[in-house]
Each structure stands twice: as C-alpha cells, then as structure tokens.
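Structures are listed in the sections that come next.
Across the two complexes that follow, chain A remains constant while its partner is chain B and subsequently chain C.
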Partner chain A sequence: MMLDPGGLIATGLLATMLVTGAVALLVNDLLVAAALFGVFSFAAAAWFAALGAVDVAFTEACVGGALTTILLVAATFRTTRRLDR
Partner chain B sequence: MTPYALAAALFTLGLGGMVLLPNLVRKLLAMNVMQVAVIVFFIALATKDGGRVPILEPGETEAIAADFMNPLPHTLMLTAIVVSVATTGLALGLLIRIWRQYGSLDERILLSRLRGSGDDATRHGAGDDATRHGAGEPPR
Partner chain C sequence: MKARLRAAAAALILGGLFVGLLAGVRDLPPIGDPSSPASTHVSPRFIEEARRETGALNMVTAVLADYRGYDTLGETAVIFAAGLGAFVILAASIGGPRRETPGPGLSHRVDSLLLDTAARVLAPFLLLFAVYVLVHGHVSPGGGFQGGVLFGLGLVTLRLVWGPPRPDRAASRFGPGVRASFLLASAGLLAYIAIGIAAMAFGGAFLDYGVLPLGQDPAHVRELATLGVEAAVFVAVSGTVAVLFETIAVGVAETGRPLPNEDPAPVEAREEG
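And now, the complex of A and B:
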C-alpha cells in the first residue's frame, strides 16, 4: 500500500502539488486558479492515499477537490475573474 | 523529498502568500494551501514503516495494534478538512459582500476607498451616507 518515497509516482505527486500550489497563487485569472487548486487538492488526495490515510484521501478528494473548486467558481461569477483589482 | 519537507515547503508558500499577496482571493487560496500543508504534516506523523492501513481484512479476527498506522491523526484531519471548506465558504461569502460594497478585492485599493469614505462620513456626519458612497459603481 505504501509508495516508496523516492519512487516516480511519489516524486511526481510532490512536484505536482508544489507547482500547482505556487502557480495557483500567481495566475491572474480566478477560473484558472480554481482549476489549478482542484489539481492541487487531487494530488494531495492521491498523496494521502499513498501514505495509507485512505479516509482522509477520499474526504480531501470530495471536499477539497470538488466542493472548494465549485465554491471558487461560484464566487468568480459573483465577483470578478481578474485577480489584479 | 520527505513528506515533512513537502509540508514545510507548502506551509512557507501558503504563509508567504497570505502575508505578501495584496489580493484577498489570493490570500484565501494561500490559506487553503497552508491548511493542506498542516494536513500533510499530520498524515506524515501517522505513518510508520511496515504499518498497514488501519482496516481489518475480511475474515481477520484479531488485530495487533503495532501492525497498524496510527488512525487518530487521520480522524483529526478529517475534521480539519471539513473546517477548511467551511472557512473557505464563509470567506468567499464575505469577499462577495466586499466586492459589492467597494468594487475591489485588492487590499491597497480597499484601504484607500475605506479611508476616502471615512473622510466623507466625518464631513457629512452620516455613517449611512458613507456606505452608500462606498458602494460606488463596481467596475465590472
């Protein structure tokens, strides 16, 4: 069940989390940021499953990956898409 | 890279984003990244070498606690995830109100508009006036 920490999948998940997390904070479009945050949450969920926390993994996939992204997209249409004002 | 290094990197990213980015939505996203960092840290605490997922196999009647990972941080982090989405929802609600009232989500613009409407309030002597003035015309 455990991934080996130096393996390709584990390293790929870590890199995905770091890159999408950083880029989501820097892009200028809230919809793009929401999508990237969804990818970030999904990579986090896969990482939790790899660490053996399956319950946390599916909660994070449902709540963090789906619900937070839906909330962000809903907020986009009620405020503005641009993040520089 | 160990899970602890990942947690530290994500926490730094989130905390730095919350402090340095001027846009309130970006601050909120940074806060979410920080919360995921804390969850990664606790999940990493719960793992152990050779530990199994804390679920009994079908037909297994007795369990030795030493064989399993610690399930207590897992349950704590379930609560943390739910709290995090509740925080995000409330914050987005507040941000929508701020946008309708002031027409901006940038901290610097908001501060200057707050200061401007505050001056108007002292001049006209009516707080209601100030909020109506602040509503302005939100740039769509």
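And now, the complex of A and C:
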C-alpha cells in the first residue's frame, strides 16, 4: 500500500487538532489550555494552507494562533490560572 | 419566578429560531454540489471576470472587498461590536473581586532586557509587514483584515513590554489606550460606510465603486476603491484588536491611572522628591 504524503500530513494535522483540543478541555491549568489552543490554531492554519485556502490560513494564523492566544493568556492573568473541578 | 419566566421565554425564542434555521437549511443545495446555482452561475463569473473587472490578481480580495463588499462591511461592523461588547461587559464587572494580581507585563512595565530587545526588533517589522499585507492584498494572500490584525498585534507587542500609558511614566507611555483605540475602530468603520455612500452620491448603488471619479479605466477605479475599503477595514480591525487587548488584559479603568491593587508608591515618592 502506497502512503500519500499529502494525506499523511493532513491526517497528522487533523490528529493534532483533535488531541490538542481535547487536552485543552481536560487540563486544569488554564495557561496550558491557552497554549494548547495556540497549537490547535496553528495546526488548523497549516491544514487550511494544505487545502489551498491561503487567505483563510493567513487569517487563522493571525487571529487564532496569535490574537486569541494572547487574549486567553491575558484573561487567565486577570481571573485565575487554576480550574477547580 | 420572574427570572425563570424570562429564561423560559428566551429558551422558547432561541429554540424556535434554531428550529426555523434548521428547516431553512433543508432547502439549501448540498455543500459543494456542482449543479447548485452558486457553482454554475456565481463562481464561474467571479473566476472568469474578476481580473478584468476589478484589476485584482488575488480573486479572494476581489470577492471580499468588491463583489461582496456589503458582507465585508457587515463583518467589520460585527468585529467592532465584539470590541464594544467586551468593553461594556468588562466595564460593568470592573468593580468586582479580582482573585489574582494581574501579572507583570499586563499592568506594569517589565524590566527585562530580553523582552525589551525582542520587542524592539520584532515590533517594527510586524508593523511594516502589516502595511505590506494591506497594500499587497490585491496580488497576494492578505488584505485589510489580516493586515489590521497584524498591526494590532504589533501594537500589543510593544504594549506588553513597555506597559500601559501612564502619566507618571513618560518613557512607557506607549500604545493608543482604550479611548483612542475606539476612535480608530469607529473611524475605520465610518470610512467604509463613507466610501459606500460616496458611490451612491455619484449615481451608483451602495458600495458600487465603479462610478467613483478616480480615473478613466473602471477596473482601475474599482482597484483603488478596493484598496480604500481594505484600508478602512485595516484601521477598524487594528483599533478593535487594541480595544480587546486593553479591556481584557489591562482593564477599563486603566487609562492614566494605576490599577486598584497596584502599589502607587512610586508616584508619591517622586512628587515628594
């Protein structure tokens, strides 16, 4: 069976999104969750770029990867870092 | 009882809206259907005519800022409303308890050579690249939205390292602050609307750039107007990014005043000396 490299990359990126998203919801340290969401957005941006939607990938990298991560980190500084469940 | 009634009414209205929207979705053609009207009429028209009609090599920019300029105006308004919403909600809760002291870099200046140097190197390139992304949006990926976010991030980078604007620290008085950021965001949104109304004044429809008296070649006129619209989006988005950062990271009452739980001793010390 021949493995298609493009398909492998896409699968890896989607798996990264799934894992980082799930772990971000489960961890109790909100700073870690914010960082994981940054990784999630970066994988999403790379996936959009792999699909040929470069403008969307650009936007996702700017907004999801950078801005949202900064705002989430700022929000943890202003509220609390530990999540008590 | 009254609160419960209100919640029930809200649930009923939202539930009804959800069901109605779901029913509407059933009438739409399947996503990616090659025989849907969008794929047989609209997309080929954009693909074949965008270059000739709008002068833009990047078709995404032609669609976003020209053909569907009305959508983009709505999106810009939504982003502005998001900034306004964050401001209003956090302003209402600013008197509430704060469980943890705001971290360094958010409420006051960090004295770190590494951060300072990194920001000095990074921020100018970030700001310049943002403008490049804006003006190059016609021919390469990017445009006003991405450029605006990058420009806002450049401001946030400087702001993170050099602290909020405070009257007692001239050296760290950097960044637009909430009020100026709101002015920027509103100015961008209003400029977008003004371009649309200008087209109406010259006999076209709202946002119908082709009629503007900017030259002989209609495609070139639309290209220029698209750049104008993108610049308006750029200003609106970078202002909103700054508003969001200021309100979420620093607090609404920050401008010119120390945060409630910050030690104001240095100010007094300086006044005495």
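One rule holds in what follows: the second predicted complex is superposed on the first by the 78 of 85 C-alpha atoms of A that agree within 3 Å, B and C clash if a C-alpha of one lies under 4 Å from a C-alpha of the other, contacts with A are read in each partner's own complex, and residues count from 1 in each chain.
Heads up, the rule we're going with is that contacts are C-beta pairs under 8 Å (C-beta built on N, C-alpha and C of every residue); 3 or more make two chains touch, one makes a residue touch a chain.
Note that the coordinates shown come from a computational prediction; the quantities given were computed from them, not determined experimentally.
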Contacts of A:70 with chain B and chain C, given as first, second, both or neither: second
Contacts of A:55 with chain B and chain C, given as first, second, both or neither: both
Which superposed partner A:30 touches (first chain B, second chain C, both, neither): first
Chain B versus chain C as contact partner of A:81, first or second or both or neither: second
Chain A residues touched - chain C or chain B, whichever exceeds: B
Touching partner for A:46 - first (chain B), second (chain C), both, neither: neither
Intersection of chain A interface sets (partners chain B, chain C): 54-55, 59, 63, 67, 71, 74-75, 78-80
Residue ranges of chain B touching chain A (in the complex, touch as defined): 1-3, 6, 9-10, 13-14, 17, 21, 23, 25-26, 29-30, 32-33, 36, 39-40, 43-44, 46-47, 51-53, 55, 69, 74-75, 77-78, 81-82, 84-85, 88-89, 92, 95-96, 99, 104-106, 109, 139-140
Contact set on chain A toward chain C in their complex: 54-55, 57-59, 62-63, 66-67, 70-71, 74-75, 77-81
List of chain A residues in touch with chain B within their complex: 1-2, 5, 11, 14, 17-18, 21-22, 24-25, 30, 33, 37, 40-41, 44, 47-48, 51-56, 59-60, 63-64, 67-68, 71-72, 74-75, 78-80, 83-85
In the complex with chain A, residue positions of chain C that touch it: 58, 60, 98-100, 102-103, 106, 133, 141-143, 145-146, 149-150, 152-153, 156, 241, 244-245, 248-249, 251
